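Below: a set of structures, written as structure tokens.
The two complexes that follow have chain A in common; it is paired with chain B in the first and with chain C in the second.
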Partner chain A sequence: MLVGVVELAEVWVLFHNVVELGGLEFTQILLVFGLADLCFSLADLSFGHCDRLPTYLRNGALDVFYLRPQPLLLQLITSDVSLRRLARAAVGATALVAALVLNDIDWSAAHVLLLVLALVSGYATFAGMFVWAGGAQFFLIEGAETTNAFVYGGRYAASQPASVWNRPLWAVFGFFFPMAFTGFLPALTLLGLDGPGWLPGWLGWCAPLAAAWTWLLALLSWRFGVRHYQGGGG
Partner chain B sequence: MRATVRVYWRLLVAGFRRQSAYLLAAFGGLVANTTFGLLKVAILFATVEAAGGELQGYDVALMSTYIWVSQGLLGSVNLHGGTEIAERIKTGDVAVDFLRPLDVQAASVVTEVGRSLFSLIPRGIPSVLIGALVVGMAAPASPLAYPLGALSVLLGITLSAATVYLLVAAPGFWLVETRGLQVLYMVVSGFLAGLFVPVWLFPGWLQTVAEATPFPAMLMYPVDILSGRADVTAALALLAGQAAWLAGVLLLGQALTRAGRRRLEVQGG
Partner chain C sequence: MSDPIIRTHGLTRDFRVRDGLRRRTVRAVDDLSVEVAAGEAVGYIGANGAGKSTTIKMLTGILVPTSGSVLTCGLRPVADRRRLAREVGVVFGQRSQLWWDLPVRESFRILAAIHDLSTEAERRRTDELVDRLEMAEFLGTPVRQLSLGQRMRAEVAAALLHSPRLIILDEPTIGLDVLSKQRLREFLVAERASHGTTLLLTTHDMGDVERLCGRVLVVDRGRLAYDGDLRGLSRTVGAERVLVVDLAASTGDLTGIPGTRHLASEANGLRQRLAFDAEATTAARVLAAVSERAEVLDLTVEEPDIEDVVRRIYASRR
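The block that comes next holds the complex of A and B.
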């Protein structure tokens, strides 16, 4: 739970110094943070266990999963669901509710639909990131931190106002790993704000596409990884 | 006396050499450092610009130095709370360590420092170089900043190892399972050390809270000296602060080790 509070404090400290960042005020960035952090912590709750894969690979525990007549990925994610991570999701949820109350949102049926779509897609996107990273572990093993750059770096990126990014960052965290679609872009659409110049305001509606794209990456990565795997030896 | 120094020197070298075996891991760390560094550049540069180009003495160039030096130190300054001795205390292997003619605390800290010093080569220096080449950064006004900064980095690394020993490992004599402490350390230390936002941008009360802990002395102080944000006089004061924290943390750690030794229970048979 403290993790979430400290992450929120990091954002808040910046706004202690300035009123507006990347065209967003604190209550508006709170909406970005709430959406992204809630989705991330729920994905972490269910799929975060993929992080343990390098340990299973090294000590051969993964071979046991192969003996059972169930899909490998399903066994991996269900081998440990740590409910203590729920407390962390509470921080994101609180931030989101506070942001929805504090911001002046012109509620309509479309807005509710967008909010639900954003939450479901954001969750799916982060879950896909964990699976993508898991697939890459079959090749990296010791180099597990390489994928952390994008999974946890992605979480960090997702809670930022993406309008401050330069083009290379947009390429990596805007589209390839569609982090901007988990918080920033849906928040802009909900608030009825225009993006930074070249971004149309309706882009937030494309969050499900982003989730589908991430899962394409994830399943490809997982497939390559599993094909590459030749057993733990011994 | 000379023999004692030689033994700990050997432990330092052993830690250094052991870390050199994990090159792929170090590369992964560098990728992570650089990615986070670029994200920090985006958000912190935007903050400085939104404040009118200057914020608490930080302009864009100085902010860049802060970002890349702190990212570079991340592989060496222990802000994750993990340490080998914690596992040895949990399993009871530490009983063997107590039989050796070595101080358990000193041996642990020295080995961890050796590993951290190696990490400067594949993670620390490349992070700073990437930052300097890709983003550009400010250089300190006085060349004295480099030797003072090097000393400060060494003190910061040692202080982090000693603090992890004190706050995460040593309580294991009583608690056995210290994973909770490790996570708590990881969450609090990074924030208060100024890893994501410089401590000097905190609101006043939070700065006071941070300065009441050893965390800024691990990361913020070395970065201030190396970036030239602190001039030579200020740098000397920061170094004195680091030394004082280190002495205090080492003394407390020693006291806990002696008390814990009497309390130690080796699990299992």
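The block that comes next holds the complex of A and C.
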């Protein structure tokens, strides 16, 4: 929870000094932050346990999962549910609600649909990231640091306006890991703004495609990982 | 059911290990071809690192073989892992499948749900296992507070809850005291008698093999070194066990007990060592005979060293 608040404060402090960033004002960035942070927190609540995979790999607990007639991934994510992560989600939810109230959004049925789509897709995208990282752990010894750079780095990038990203960052978090689709692009579409330069305003509607792409990566990674498993010693 | 329950052909598994900067390949299981018929009880023995656990992991779909084929319960372990998990119960002696912080009873309920057991089947099977493994006294205890002997019984029950056709036990008696071992073995014999379950057992304990297994596979450096019955194994290496008794008072040498050979007396006969042939008598009978002559304070049973058995068998085949 504290982490969430600190990150929100960071956005606040930044805007104490500048009026706008990447073409967005504070309340608009609050919307980006709220969307991305809420989606991430919910994904973390349910799929964050993939982070524990290296421990399970090392102590052999994964062997036991293989011996039960249920999907491995399902067993992994249900092996522990940390309800304290709900508090983390509260920060994102608060930011999102505040942003929805403060911003001048031209509400219509399409906008409500977009909001729901964005939340569901954003959740799925971050969840896919966790699964992708889990699959990669099978290959990378001590690989958690590498994958964390993308999972948590992606979360951080997602809660900022993507218009300030440089080209390499766009390549990684715009398209390969489609983080821009979890906060920035849906927020633009909700606000009725055009993206910077070459980004059309309707791109926010493509969030479900981004989620599907992430899950394609995730399931490939997971499948290769599971087949690559070397056993926990013994 | 005439199809074998385990069938491997040319089963091989390599591991790539880092050796300094270079990588090299270690062959853990080498061209293993074995068939086990339904209802058999097979002891799978070998030194540490001989490839026992690797074989078991390939049989159960945890590891993908490097080459060769394997069918367990007629299923391909990796491709049909989830179906196979319903047919096989596995206990890894040094891994727990129970939930550390939950009472034993809750662990069983979760496992029953994982295996989709009906309420009726769950109740009947749990009652049966609790009764036979004498677990009633610690059903409500969190797993982390159990003694090793209690935990092992709970582990075995957990693996058998879904009434598998094949039980695979990896070092089930490791670290257990004589009494706990004895109980577990008696349970396994009874379980097999009433359900016809096939048993595959790895162990370092010759006692396990003698009490439980009609057939023995010895593996050395990934290769099958012996496949045959216990008699053949005994003939090759001798299967004498040694009973060591600590007595309350100095006693003369305990000679003349049927089926035993007096090996030595220490400390004026306070501690005596008796070798006995496990096929001719039992530890219990020997102990009863000793108790008639002197009060027994403490006892240990020394089993033939399995590494020694493996070494001799390997030597005898060269």
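Here, the second predicted complex is superposed on the first by the 234 of 234 C-alpha atoms of A that agree within 3 Å, B and C clash if a C-alpha of one lies under 4 Å from a C-alpha of the other, contacts with A are read in each partner's own complex, and residues count from 1 in each chain.
Going forward, a contact is a pair of C-beta atoms (placed from the backbone, for glycine too) under 8 Å apart; a residue touches a chain by one contact, two chains touch by 3 or more.
Everything quoted here is computed from the prediction, not taken from an experiment.
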(message) Quick one: is A:L113 in contact with chain B, with chain C, with both, or with neither? Answer first, second, both or neither.
(response) neither
(message) Contact-wise, after the overlay, does A:L21 reach chain B, chain C, both or neither (first, second, both, neither)?
(response) first
(message) Looking at A:P71 after the superposition, I want to know if it touches chain B, chain C, both of them or none. Which is it: first, second, both, neither?
(response) second
(message) Contacts for A:V6 in the overlay, against chain B (first) and chain C (second): which applies, first, second, both or neither?
(response) first
(request) Have a look at where A:D63 lands relative to chain B and chain C in the superposition and call it first, second, both or neither. (result) second
(request) Please indicate which partner A:V97 is in contact with in the superposed arrangement: first for chain B, second for chain C, both, or neither. (result) neither
(request) Of the two partners chain B and chain C, indicate the one touching more residues belonging to chain A. (result) B
(request) Check whether A:T146 is in contact with chain B, with chain C, with both or with neither, and answer first, second, both or neither. (result) first
(request) Go through chain A and flag every residue that touches chain B in one model and chain C in the other. (result) none
(message) For the complex, give me every residue of chain A touching chain B.
(response) 2-3, 6, 9-10, 13-14, 16-22, 140-150, 152-153, 156-157, 160-161, 164-166, 168-169, 172-173
(request) Write out the stretch or stretches of chain B touching chain A in their complex. (result) 22, 24-25, 27-29, 31-32, 34-36, 38-39, 42-47, 50-51, 55-56, 183-184, 187-188, 190-191, 196-197, 201-203, 206
(request) Mind listing the chain C positions that touch chain A in their complex? (result) 15, 53-54, 57, 60-64, 78, 81-83, 85-86, 88, 90, 92, 94-97, 111, 114-116, 170
(request) Report the residues of chain A in contact with chain C in the complex, numbered from low to high. (result) 60-61, 63-64, 66-71, 227, 229-232, 234
